[in-house]
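Shared between the two complexes below is subunit A, which has subunit B as its partner in the first and subunit C in the second.
Now for the complex of A and B:
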């Protein structure tokens, strides 16, 4: 088996006595596009930042390319791309100058790719960064994180301010990266329809715990909402993700009839997300 | 052919299933004929802005089930000798019919009324 690009082992982290991450185990392998889903405050950003060594877990380990994430070598750092939720500095720079400086940190920078993306997203290299819209800044941040074809790309809400056309273009770029360069991508987003299109895998985090991590198609095929009137219904054959008085969300459905179930329904990712927080 | 296909990420069905079902429909309905070439996986994925692995999964299943055939170094094509077209045509309606029956029962409308309604609406369509 190939070595995972990113590996979380029993990761725990808390802030001011509040548990943010609780025993998270997760592996990202080449070619995976993992969509990270969770409510605001569920621990997504903490999870992403701990992969970059920007914070250290109290328990457990995070490995990037086999190295501990808080002791990464310079070579390894040059193979990671990251776009934070809040866009970056470079205030007072022109786009071209900011790119020139940024480029100098990355030996594998692809100038052709940079130019292609600048043109495609209508960014004028002579424009001042101070005058850019939030969407334009986000686009520039993506170019800065992706123009050296990182082996591991970590994106925290990367597309929230992009228009639908730009989002589609950007998704195509993600696939090129994942499949042609064998990179791994971990990205958080609240736009479930985008995740549905783009992700090969889904990691769903709730109250700091990783509830599901699996192939998207497998999740969609085997997650069901079961409605019932008798709460004595036997669901022990399945992984019950959420149990309410008259309904349950189960994982691992095989197509068998469940005795006592009034209805068995498939769920879209958005429905699943909402139901799990019911 | 891509213009005949519609992908809806918010639907209850995963995207690979939507692609699978709609390509079967195009074949059974005759919009895709034996020997017709399909665009490459990458082209289909780009067109719908979906993960190429999802497209690959749908195409792989269609090949396994004999709807499509793939030869080394060539485009994927619609297979020959697709058996029992009329069976397939009918089977493709089951899902919609089942939904209709469920709704009819929910509204407490008797079966005979539903049959009459279908007949009436059918004639309006002509």
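Now for the complex of A and C:
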């Protein structure tokens, strides 16, 4: 059995008397690309920051490469790539200088990959970082996080500010990286089409609780919206994600006929997201 | 593909310390004043004392600023040795500062100044270590310790010798015990907000709501200058007026004319420098100003800005004239020429600084020129107060002030 790259065990975290994470259990193994989906304030960023030891959970544990996330060794840290929601840290630098300094901390830095991405995303190494657009800064942050081929990549809405072409290309690279290096990737995003394009797994978080964590294909196959007129319908055989007066979102549908159901509809990831938060 | 890491200690030094505005504003001032320590050895002993205090605390503040930035950078915790690399550079600068200060003390041949250096190091390390784990304390701690150092330098001729061992022991104690109390450079969710707020407020020590009810009328009068500088413009002016009133009141009991004039001048040019420096940091852009239904063209808006700067200079000149007059009258020393010339020198200093900010668009260039202007304006205003006792000087300074008003009006087109 392979050791998970990242493991959340019963993680709870609150902030100013508000529960941000509630009993979260999640494992990322090599080769997994996990798309973390949730509304603003659902707890995505807190979940990601807990993996880096930036935040310590009040209950439960987070392990990265088998070590507790708030006591990571330097070797383990060097195997993690991270892009924060707000790219910050190399103000005053030119791109080339920032990359030179950042590169110097990583013996395994892939210069070819760096140059390839600089060219692909049209970043001029002589440009000052202060003058870059938000999207360009995000691209640079991604290069810095990925060019040493980390084994665990944690990305907090990494492509939110990129244009559709750059987003598509970057997402393709992300997937290739996971395949080539046998890395594990956990990334949050609001853009469901991006998640559907590259993620092997989906983690859906709502109000700090992990509602679903499974393979994307399995979610597509087993999540259904059930419409009914009788509120006494028996859905106990399924995992009910959301129950309304005349409809419910169920998880674990096996294709059987559900007595009392008027309609059983499949849902795209976006529809699922909207229905769950509706 | 693979490469061996061979990183010199100075890698990234220019970008980290000179090109990042928050750090550069303290670091450049620290470097310049450190070098001025050597110059001051051949001049006034009090000046050397002030330079040692100022340069050392400024250098620690620059290092403390890097600590604030470190706490705001989420990824730094994952990059092995990044923090160590940056802080090593900071320590190297602190050593450099201390070596130059020691050299200056040796050249000046005044061992008593060692006490000043020890006290400066103690104050500095308190600033740095407070900010290693509490980014929100940066502004307050810097201002408190700068104020302490300036007051020490101005009000006390010679620090008592016993302070040297006490400061050294305090310094060693803090270095040895800090790990017990603090978790240094750890990321905190509010640190980035503190960093940005600090960068944009020009390190204003004034709380955002301070005297806001009284400032609206002033801000209205000084629009569009107040649009760029923010509400702090009126707060600063009220603060200066309060200081003037306090100085006049205190002067009735003890003669503090020279000290009050020096601190008043220092306060004025510090505030002007900070306001202009923060103006360039503001997100408020010309584009937004043009969208308001006030000005017909960008030219009109720029002219209005130069007029509001002139209004500010006139307000300063009037306030300072009345204050200094009130300061000297109780001692029956009615230096009308000195007082008028001094008030005009202060007004011209304000206009020079505004002209510089009109021309300089780059934050680093602006910082350098504002520092130079600060030194020049301080020197000129204090010199004029001491020596401007003739009509000839008054005429000269009047002409200079008029030309600076013209320069400010002319350069506004380059904004």
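As a convention for this text, the second predicted complex is superposed on the first by the 278 of 278 C-alpha atoms of A that agree within 3 Å, B and C clash if a C-alpha of one lies under 4 Å from a C-alpha of the other, contacts with A are read in each partner's own complex, and residues count from 1 in each chain.
In the analysis below, a residue touches a chain if its C-beta (ideal position, glycine included) is under 8 Å from a C-beta of that chain, and two chains touch if they have at least 3 such contacts.
Since the structure is predicted, the reported quantities are computational estimates derived from the model, not experimental observations.
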Joint occupancy of subunit A by subunit B and subunit C, clash or fit: fit
Partner chain in contact with A:112 - subunit B first, subunit C second, else both or neither: second
First, second, both or neither for A:89, with subunit B first and subunit C second: second
Partner chain(s) touched by A:266 [first = subunit B, second = subunit C, both, neither]: first
Which of subunit B and subunit C A:175 touches, first, second, both or neither: first
Superposed model, angle subtended at subunit A by subunit C and subunit B (C-alpha, nearest 10 degrees): 140
Touching partner for A:49 - first (subunit B), second (subunit C), both, neither: second
Dominant contact partner of subunit A by residue count, subunit C or subunit B: C
Which superposed partner A:26 touches (first subunit B, second subunit C, both, neither): neither
Partner chain(s) touched by A:142 [first = subunit B, second = subunit C, both, neither]: neither
Touched partner set for A:97, first subunit B, second subunit C, both or neither: second
Gap in Å between nearest CA atoms once subunit C and subunit B share a frame through chain A: 24
Complex contacts: residues of subunit B adjacent to subunit A: 7, 9-16, 45-46, 48-54, 57
In the complex, subunit A residues that touch subunit B: 31, 33, 167-168, 171-172, 175, 179, 192-194, 196-200, 216-217, 220-221, 265-271
Of subunit C, residues touching subunit A in the complex: 1-7, 11-12, 14-16, 18-21, 23-24, 69, 72-82, 85, 187, 192
Touch list for subunit A against partner subunit C, complex: 49, 52-54, 74, 77-78, 80-84, 86, 88-94, 97-98, 100-112, 144-145
